[in-house]
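Heads up, the next two complexes both have chain A, just with different partners, chain B and then chain C.
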Partner chain A sequence: MKRHLPLGLLVLAIIGVQLLTRATDTAFYLTPLTMTAYYSLVIVGLCLLMGYAGQISLGHAGFFAIGGYLSAMLTTKNLVPFKDNSLISLCDELGLLVHGQDMFGSAFTHVQPWAACGCAILVTIVVAYAIGIPVLKLKGHYLAMATLGFGIIVYRLALAFPLFGEADGISDVPGFPLLPGLSVSGDFSSRVSNYYLAWGMVALAMWLLVNLIHSRVGRALKAIHGAEGAANATGINTARYKLNTFVISAVLASVAGIFLTHYNGGIGPSEAGIMKSVRYVAIVAIGGMANLWGALTMGALLNIMSLRGMFGSYDDAVFGAILIVIMLFAPQGLLGISLSATFKRILRRGE
Partner chain B sequence: MLLEIKNLSRRFGGLQAVSDASFSVRQGMIKAVIGPNGAGKTTLFNLISGTLLPSSGAIHFKGQPIHGLPPYRIARLGMARTYQNIKLYPGMTALENVMVGRHCRSRAGFISGMLSLPWTKKEENASRAAALELLALLDIADLAEVEATSLAFGQQRAVEFARALAMEPELLLLDEPAAGLNIYETAEVARLITKINEQGITVLLVEHDMSLVMDISHEIVVLSFGEKIAEGTPSEIQHNKEVIRIYLGEDDA
Partner chain C sequence: MTLELFSQYLLAGVTYGIIYAIVGIGFNIIYNTTGIINFAQGEFVMLGGMIAISMHQWLPLPLAIVAAVLLVMLIGALVEILFIRWLDRPSVLRMIIITIGISILVREAALHIWGEGVRSLPYFVGNEITTVRIMGARVSPQVLWVIGVCTVMVLALSLFFKYTLQGKKMQACAANRVAATLCGISTKNMVTLSFMLSAGIGALAGCVMSPITYSQYDIGTGLAIKGFTVAILGGLGSSMAAVAAGLLLGLIESFSVSVVPLAFQDAISISLLLAILFLRPHGLFGNKDAADLKEF
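Coming up: the complex of A and B.
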């Protein structure tokens, strides 16, 4: 299968990089690489929405933050003072709460990470539908402005509520035990397993999305992108397809937020900031818009560079500049020009 | 009656684009809508296919009211259309464009698509085969893998035609199918429309090319300034004084 070849290469690259860090004794690279994987999850989801369905979102950091903040809040908020509340005791009976002790030995009750994760995803879906239904009726600049507005609202809410830690964000977020022996956490001992977990999720997301774009739905999305009116007259429920795509990409961003927050042990308001959303959009553009593999490649490359501090204090400015340069000189994306053309040339020579 | 239009009106601000028009299309016929530029023909098509909402009046398709339904619902009922200014999907091959036409005749959704379930592959292959067959019918099978919007004008028209046919419509709306074609291509289009009609697809077309309209249509509706001024067989229309006056001007002018 031609379309699963890149997926195989991705898996090989994931394993190869890990072996390389072990051989060269540079395992400290695994931490930024793991974080990069989660950011890449946001980027490939946004790529589906922007590149294929043709709908821009300048508010994806908002969905990332909804996932991260809710999961962090629910797993750190001490529920002991509320234990008589009927809702809390119901949750307790359902086994959704975890009882333990904090570092000073007093009773500490918080929501079980799986329940927190499920709750965060559910809220994301509800918010994505509630925002998407009115907003996706807009086109072009108006859609960009509306999603930007949504991003700003989430950012201000994160800053405003003591529950979300205001400017400090939320810290001391516990690990997320997925399976016995596999927990999403920044523990030194679970660095390798977390690396494989994060990139495994990226590979899974790529498999699902690549399948989708090669299906009847993917074709319909491309048709909506190209000529929405004609797509509708061909029998495609354009509003519902745009909305579903919006929700899928929001959920990917939210899941990335949840996992990265448990991995980092905390989340701050900068994750909800506008510049994060701009960064995601910039990377999708550099990757070539309708190019999932391009978005993943550029996303991995630029995020690791940013996380290693290569852009210094000009970090946000670099992504802004990249967006301008790409729009001016390579609207097809950096990889779109060179790689695919080169690849085709090689293929043709082989015939 | 397959399609019934009753007292249909549409106004754009001060302009009455379609005014109290009524006519119907019987199953199996080729019916043409003619009229001078600005007579409201394309507006009429946009109203029938649901792209525009009527200001007043009713449209019934297969006995069911369709005014107010979104275009995709009308399309699923069995109505397909082409456009005067061709609307193909850019960035997709001719084959993919036609396969989009199979959308309403297939059902793989988001979840089954993401999981690439075995039955979706079967459906996908069937869609591909049907699309290739239509491209072959229109003599453009060799262009299947070419990006549709890069094709020559006549070929793009053929792809759009194939896309509409892929929907297996009962009623096909053709908006100026011969616009921009030379006389040989026009004759080819005429043969094609007749052939499609013989397979049981009802055709409603808007056209400027009088010889094409007179040759192939069973009935003709004439619009002028949004109003229906005549309806009848080609020979009736050719001898209708009102129609002659509109097209050629008055005797004493």
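Coming up: the complex of A and C.
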């Protein structure tokens, strides 16, 4: 019961906000709110890794970009010139390609969004394992620098390859038809359904993660965070737990990247930039590190403020200042103490 | 590859390499006295160049550079006093996040003060088209200034650590902080001094490199990554090894241009960083047993 109360509150808040925008005729808020949901997905994943497993990652924008860029590239690249390639024709026979016409009426063939999404997630998993195995052996400064390095490499590759649009990024990404009548796209008409889809995914992720941290796995992660050597000595396979957590949070970031790219209809190199990664870390820190609900609350709040342009040209500076102030004066996070105490009080009254 | 091309690449590699080495030494000086990797290290280099350019409006070039270096040293001291001095044994994660925050703030402040434009100091001797011939290569005399000034800095630092009382005190802090305190050395002041010193050498490097590599508000991050690569490559904490590693990285970068496009240059040096972290985290010249005892 205790575990599901915040989840219920989240669902109520999601519905409440939508009804509020409808009642006050401010539906334009739904677009930044939807984008916020996808960024929050990255943040809760990173929170699991940083707060619970205690491993910093300064390269999560890299995973976000891997998902977004691969999905965007596969669904916009015209495969007509390569149709004689045996691999392409095999994909065609399996029904993985979509045939259509571009705006000038010439033939246009691209990968089906579901296939592109699956491919992007698969690549993310492979990359996360390949990077995670060596990187997670490192600690402290070395871990931070290695993940930062990974993020910069992804950023540089996105800038260097014409396939990924270099400095322009990829635009004109088609919508992602999930079910008949439900498609991830920036269409004006599907704004409400996309809002619920995005926040529904956040709620689902939160449900999975909350269950995870209250399970054997979660307790093992906390032990690793507390004292890795001691956890190892009590028979916890620390390397495997850390690695799997890293992969889970990478996949969450990648899924967020895929969906947001289809929603926005494009992706640019700034999504892979270091400042994005630092921003995710900042929000997790503000939420109180080992506090999924804190991270989600602060993530939603700060992202919506940032997307609405409330910080103006001081956007990055605000996040930098927040980082310093929180780490200097309240390393447990803004909500770390107050929110959990409030929840406890509410719960005690309910019993 | 012709001899001219070879020496051209060689000189370019040495020029960049010695700059990376200076940033790497900056990392090492602070790491030795505090156990902190200062992620804002590259920002000192950027500030040095930018402040000198602004000062040059009113002051002659040498004075502008001196003023810039002193000002950046002051900023380094301020950073330490405001953000680090009063923390009681902070965790590594906390320090990483704080120094990253500092680097963002400095960069954003620079963006709002100087804008996005690319600036540069005038050439110390001659102008853009003045060249000298060395081993068949044609280079700007500024390249010699960079190499010369950085070499002098490295030598001066090693003399400082070996023969002056302050230098020896800092060495004592690096070796064992508790023991140094017991000997009556104020470790807190030594930490402030180490921030000033590494800010100062960074700023001076930022000034001499400005005419050829230009100064912009966001050059700090890239330099910090390269400097960190160099510090790790040589073995964290060892300044002389950082020089060798810096030259190595500079040469690898400049010669890589003949194999792969320029756009991949950063990816190469960062891959090198990852490879070193995975395979030899104690560095090329470092000692594994000694590295195991250090705190990261």
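Here are a few things to note about the model shown:
Quick note on the criterion: the second predicted complex is superposed on the first by the 340 of 351 C-alpha atoms of A that agree within 3 Å, B and C clash if a C-alpha of one lies under 4 Å from a C-alpha of the other, contacts with A are read in each partner's own complex, and residues count from 1 in each chain.
The rule is simple: a residue touches a chain if its C-beta (ideal position, glycine included) is under 8 Å from a C-beta of that chain, and two chains touch if they have at least 3 such contacts.
Being a predicted model, the structure only gives us computed values, none of them experimental.
Once chain A of one complex is fitted onto chain A of the other, the partner contacts of A:115 are absent, as it touches neither chain B nor chain C.
In the superposition on chain A, A:47 makes contact with neither chain B nor chain C. Legend: residue contacts after superposition of the two complexes on their common chain; A:72 is shown touching neither chain B nor chain C.
Of the two partner chains placed by the overlay, neither chain B nor chain C lies in contact with A:251.
After overlaying the two complexes on the shared chain, residue contacts for A:300 are found with neither chain B nor chain C. Among chain B and chain C, the chain that touches a larger number of residues in chain A is C.
After overlaying the two complexes on the shared chain, residue contacts for A:37 are found with neither chain B nor chain C. Chain C makes touch with chain A in their complex at residues 37, 83, 87, 91-94, 96-98, 100-105, 107-109, 112, 221, 225, 228, 232, 261, 263-264, 266-267, 270-271, 273-274, 277-278, 281, 295-296.
Residues of chain A touching chain C in their complex: 54, 56, 58, 134-135, 137-142, 144-146, 148-150, 152-153, 156-157, 159-160, 274-275, 278, 281-282, 285, 313-314, 316-317, 319-324, 327-328, 331. Residue ranges on chain B touching chain A, taken from their complex, read 49-51, 70-72, 74-76, 80-81, 83, 87-92, 96, 99-104, 106-110, 112-116, 120, 123-124, 127, 163, 167.
Looking at the complex, you find that chain A touches chain B at residues 208-209, 211-212, 214-220, 222-223, 225-227, 229-238, 244, 248, 290.
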